[in-house]
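Both complexes below contain chain A, partnered by chain B and then by chain C.
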Partner chain A sequence: MNTKDQVKVPFVRIVKRDDISIRKSFLIYFVAIIASLVLCGIILFVLTGSSPGNVYMTIVRGAFGSQRKIWVTVRETTLLLGVALALTPAYKMKFWNIGGEGQILVGGIATAAVMIYCGNIMPTWLLFVSMIAASSLAGLIWGIIPAIFKAKWKTNETLFTLMLNYIAIQLTSFFTIFWESVKGSGSIGIINSKTKAGWLSTSFMSGIIGNYNFVLNVMIIFILSILMFIYLKYTKHGFELSVVGESENTAEYVGINVKKVIIRTMALSGALCGFIGFLIVSGSSHTISISTAANRGFTAIIVAWLAKFNPIFMFLISLLLIFMQQGASQIASDYNLNESANDVITGIILFFTLASGFFTNFRLIFGHSRKEE
Partner chain B sequence: MEKTYAVEFKNISKYFGSVVANSKINMTQDRGEIRALLGENGSGKTTLMNMLSGIYFPDEGEIFVDGKPASIKSPSDAFNYGIGMIHQHFKLVDIFSAAENIILGNDNGKILHMKSVIKKLDSIVQRYGFDIDLKKKTYDMSVSEKQTVEIIKALYRGSNILILDEPTAVLTPQETEKLFQVLRKMKEDNKSIIIITHKFHEVFAISDKVSVLRKGKYIDTVNTKDMDEMKLTEMMVGKKIELNINRPLPKNIRKRMELLNVSAKDKYGVTVLDDVSFDINSGEILGIAGIAGSGQKELLEAITGLQAIDENGVINYISDMGNAIRINGKTTMEIKQLGVSLAFVPEDRLGMGLVGNMGMADNMMLRSYQNGRTIFTDRKAPLMLAEKVKNDLEVVTPGISSEVRKLSGGNVQKVLVGREIADNPNVLLTAYAVRGLDINTSYLIYNLLTEQKQCGSAVVYVGEDLDVLIALCDRILVLCGGSISGILDAKNTTKEEVGLLMTKKRKEQKIS
Partner chain C sequence: MDFIITVISKILTISFLSAAVVQGMPLLFGALGELITEKVGNLNLGIPGIMYMGGIGGLTGAFLYERYASNQVVILGLICAVVMSMLFSLAGGLIYSVLTITFRTNQNVTGLALTIFGIGIGNFIGSSLSRLAGTASQITVYTTGKAFKTTIPVLSDIPVMGPLLFSYGFLTYTAIILTIITAFILSKTNIGLNLRAAGENPAAMDAAGINITKYKYAATLIGAVISGLGGLHFVMEYVGGTWQNNGFGDRGWLSVALVIFALWKPIRALWGSMIFGGLYILYSYMPISGEIQELFKMLPYVVTVIVLIISSIKKKKENQPPASLGIPYFREER
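Presenting the complex of A and B:
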């Protein structure tokens, strides 16, 4: 008897994967990235009318076309990676810190303040120690406020950290007026443009690294990556925060002081974000404005999660994003598109990489599946 | 003409990834029959029933209802075929009354005629002899009443095939008997009933036939009256098993802990422990019986420092030298630092005792990560312990680094118990240590607890199966509504006596 055709079978079913080999998940990511590049190419081709080959060449030129461009690409990659590293302990603890933006900004404000008030009176080494301390402390404070509230009163950290971003932006606006170089200009301009006091790239390190000023950024972030990896994987603190992230009940059961861990971890995360603020202000922009953080606090969240907190993956994803963004701005200027092309490209890449995350966890089955007679 | 069955499974298979949950199952059921579905955990009983009730869709094979092929893609499809399932976890809205919960989601017609609904419900209640107040709010109901609501809901929607997934796990013996009476009436009404259970005496009390599954495969269906416990166990496990719990006489009994006037409130200010006083002795197993939620969890958590107790209560640990160390008001870490060796196997294994996303080694480290003076964790000792637990307790796992949430329930419990007894604790607290475990693992756990008792540990066993409590423990403390309703000598008590004490307070309240 054959009644099979009477029984309707769902067209597609989503089934969770058991386990996926590293090679296979790599392959899925690789396909996703290629697909996103192809789609970017097609869209840019439609927009500009230029051949895809030209478009891709322009992208590469935009990212690596000159020494200056290489410097920008490396700097932006390291900064994005740095923020991702800073956010990692918080996210590993499942503390949804979307306040990275604000923590970077207050770190930047603190750096700028030290540069402005102490730049010409302190010896260089003291100036840098003060800038690093002030920026980290500012970020730390911005980070532990929501942590304390969460630990003590179980407030929702998502809203709290988000709101603190706006306060940080308002503070920045205030200080840009407060410190404005020319009355009424509404901007600070380049800080210490004559003396270059507190400029990371041209101060005490310049003798060692010469013109290759990105080496310093690379070194700092590289060391930070290694330290973060060790902290998370091999220290008692790292173990505690991952237990808290997995299950607060289990953490309490084994006697971990959950409140303390939440506050401590956010102090670290916030301080590192503040430190990145220092790197931005002292290392590249030499000024402060509301666009200093440049959305890195948000983009870095995706970088950290996509990489599953693995520093090497974080680096690759940061590089890919920055590479495409730099390429897109080049295309925008070459073909007279506006800056939004940048956002479109970033959006496409993120969409594909996020989708690949879905496919590494699930597979689709069409109709009656395997072992069908 | 072929005989038509109420339900017929033909070559049903279901896969989860590489796991074969059901493999080519052929099974039939008549109308007016009560069928017990028996099998160890992971044998695929619930998966099979979930396919009948529309939660999963079979990967292969077909289901026939009343002789016609049925395509059951969702629970609402299942209702249309007259199939209703009572799950272990009830799906009721707390602030709704019984009647409101029953009609919830029933979208026949635009206007709700509550009066005619109540009338129809009343006739169902009368017909099958349910004991329920339809206007009672869910939050006021006992577990047994909630279950009744679920059953009436299925009947109201016209179910002719009723599936009950371990319905008696949460009931007292008295409530179970009431449920069985209802089921017998339904059977007279020509309904098909499938009941998933672990308890043999219930199989014999209620079912006409028994179907046995083992490791996803269908073994056989037999007439209940031709079977006995040994035969059924053999069918389930595939080999003969001794079903005796060894209870050596306690030796060197010594007071290890004392609780005096312990009361506690939950976070909403509701009293969960009410003036509880008793001793825990080393060298014996103290059983704790009670309906789910009678304060068992809070009692164990109070002892381990996780639940705050009222000021005038005292929890003392008696050291080997005979000194009383007061441990209430201290955190878990502080209690540990006082040198109190306390182990705790909590009810929620993956949510509290272990971290599901970590491997065995990291889970061993949960107890020892603080050891050593450096800021770094010692990863070697937990690795060795994980290896030892894996070998000693025969934990089936792809490797000690693979995540424990992927292990079966029995293996998860072996990991947890193995870790907790690793340091030879002086006090071992266990909550529902064998819940959801197969027969083999359950007996392994009983033996481990008895071993600990013989080593001089003070063992506390919070359990739900009264037969096991009576066979395993030396004394049984019965909790009812947060207070002690009796402490019994396990050798000289009966299930009925324990069952009565479990509901004592509720009855008293009804009278007054």
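Presenting the complex of A and C:
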């Protein structure tokens, strides 16, 4: 056959997969993660000049080297998981809530306000009820504003929620100066450091698992994951929001009130973010500053997305990211490098896992393929 | 009344107005890059990270030149800085475009990851570069920094007009010229028409036989390089050639905001950048206490939200975001 007669065949074609076995997609992600870890290892090894074995050992030591470090890793993992859970209903509805950062911060501000003004006058139970209510309400308001505009006028929610983050950050820095402990210090310090009023105390467990435990945070996030799983999978609300996410027209057609679902779901998502703000302020940092949310609102978006909203995957990805971050911080401090190394590492892992998502959704066909009908 | 008079008397000064222009320029670069990217339908939330990369790239270029070149010629250091800055931001743009265009990853997610990565790279290199190079001190490239600050001779000495119009480094004029060129290309040329079509209706463009992938790559990469120059402007012309961790702050997001404020029109971004620059520093010209100043700093974002809301309520066709913004194009998907 003359080659001129042949139809021009592209070197490689991309075809959408109909569906993929869980084992295979797991394998693809696994390979991607290993590849990213190898690359991170090489980079760290070039920067530090230490042997690769040493670098990886330092990473493990940074994340699990002491009881305290283990608890920090656990705390950070659960907080990141918590934010990812909070954002999940909105994403399932295809509502791009990039405002997690701001919703966490306003929740934190509300918690701090209750701690400061009511810490010494309320009984403990009432104090906690007010903190939780105030933080959730603040997050709810921050989340519901863009939702209302989206529902009514289709205002772009990605850009709207993004802007609200920075308004929340400025609000936080207003309050840090407003409440600052020493004039001109620009920081409010530890709230109620003497009375510990409003602290989510876990000292009752200190005899068993050490002083630095964050057992309550862990339990709350664990319960939250189960509730969220049930909410999304087995309730009418969860069904409605996933229909809206698939297609607003379909939802409209089957009689779902799309506007109501959008507003309701964002109210929930925002309130949960605010609640995480409470967990951070009352349960871990006991202070508030513009770094309280610490990029969790952004990282959690990627976690939720990568995990395809599955709580177990969300936990695993959070754990991987935090593990590498703690490890990179350890390397940075051991070798006197800047600790932004952990952001670089996070970025690399995310790029690899994101790219691997392509291979679970599409497959490549090189040249002619007989299999393709 | 007294308050208003004090404020006006402070704002209508040459020092405030020219400071607003200086503050506005990194935003203009960033917004221009983001605008070109968004025109082809790619919402690049990695721009803040790319701007950090552009900034640190420029600093690295100048640093390496000042350290290792035997015969120091200032103009070569300057070229080194510009080229390295462009290479760094090109690398950032490449990561984004390969992932979103070829691998079809979600744009928001990829952009955010790139921002985390880019800011990390900036801060990491910025505070480790001198240590890795074996010197103890902070990296500083004052010689090259000064070159970036060089103003137009003679003209800048004219009273009033001089400081207002001619007292800036060459990057400022580059930004303005680039904006005008972009506006011209987008509205008056075939390339511009194709670019806009790629963002409005990629399927139709594909059917017309135009290579969408090529346009998307080109626009995203050019956009990234232009945005990166904003970081360079900040590090060199504004700060004068040194690095401070997170010193660039939230200006990258402000650039994204500026695109919305400008309703995706380059010329609006030009004067918008000066308004944003003014709003950004307004607090320090106000006779108000520290905490209220912090509230003032949210002004650019509040203004952007208001513009976003009004433009979505009014629904004027020419003021909307590109129709396929944020949606990856895949021929087989209908």
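The working rule: the second predicted complex is superposed on the first by the 349 of 373 C-alpha atoms of A that agree within 3 Å, B and C clash if a C-alpha of one lies under 4 Å from a C-alpha of the other, contacts with A are read in each partner's own complex, and residues count from 1 in each chain.
By definition in this document, contacts are C-beta pairs under 8 Å (C-beta built on N, C-alpha and C of every residue); 3 or more make two chains touch, one makes a residue touch a chain.
Note that the coordinates shown come from a computational prediction; the quantities given were computed from them, not determined experimentally.
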First, second, both or neither for A:Gln170, with chain B first and chain C second: second
Residue contacts with chain A in the superposition, chain B compared against chain C: C
Partner chain(s) touched by A:Phe239 [first = chain B, second = chain C, both, neither]: first
Which superposed partner A:Lys16 touches (first chain B, second chain C, both, neither): both
Chain A residues contacted in one complex by chain B, in the other by chain C: 15-16
Residue ranges of chain B touching chain A (in the complex, touch as defined): 13, 15-19, 57, 59-60, 62, 69-71, 73, 304-306, 331-333, 336, 344, 346, 348, 351-358, 362, 365-367, 369-370, 375-377, 379
Chain C-facing residues of chain A, complex: 15-16, 47, 96, 98, 149, 153-156, 158-160, 162-167, 169-171, 173-175, 177-178, 295, 298-299, 301-302, 305-306, 336-338, 340-348, 350-351, 354-355, 357-358, 361-362
Residues of chain A touching chain B in the complex: 3-4, 6-10, 13, 15-19, 234-237, 239-240, 242-243, 246-247, 249-250, 252-257, 368-372
Residues on chain C engaged by chain A in the complex (per definition of touch): 43, 45, 95, 98-99, 103-106, 108-110, 112-124, 126-128, 131-132, 245, 250, 253, 256-257, 260, 290-292, 294-295, 297-298, 301-302, 304-305, 308-309, 312-313, 315, 321, 326, 330, 332-333
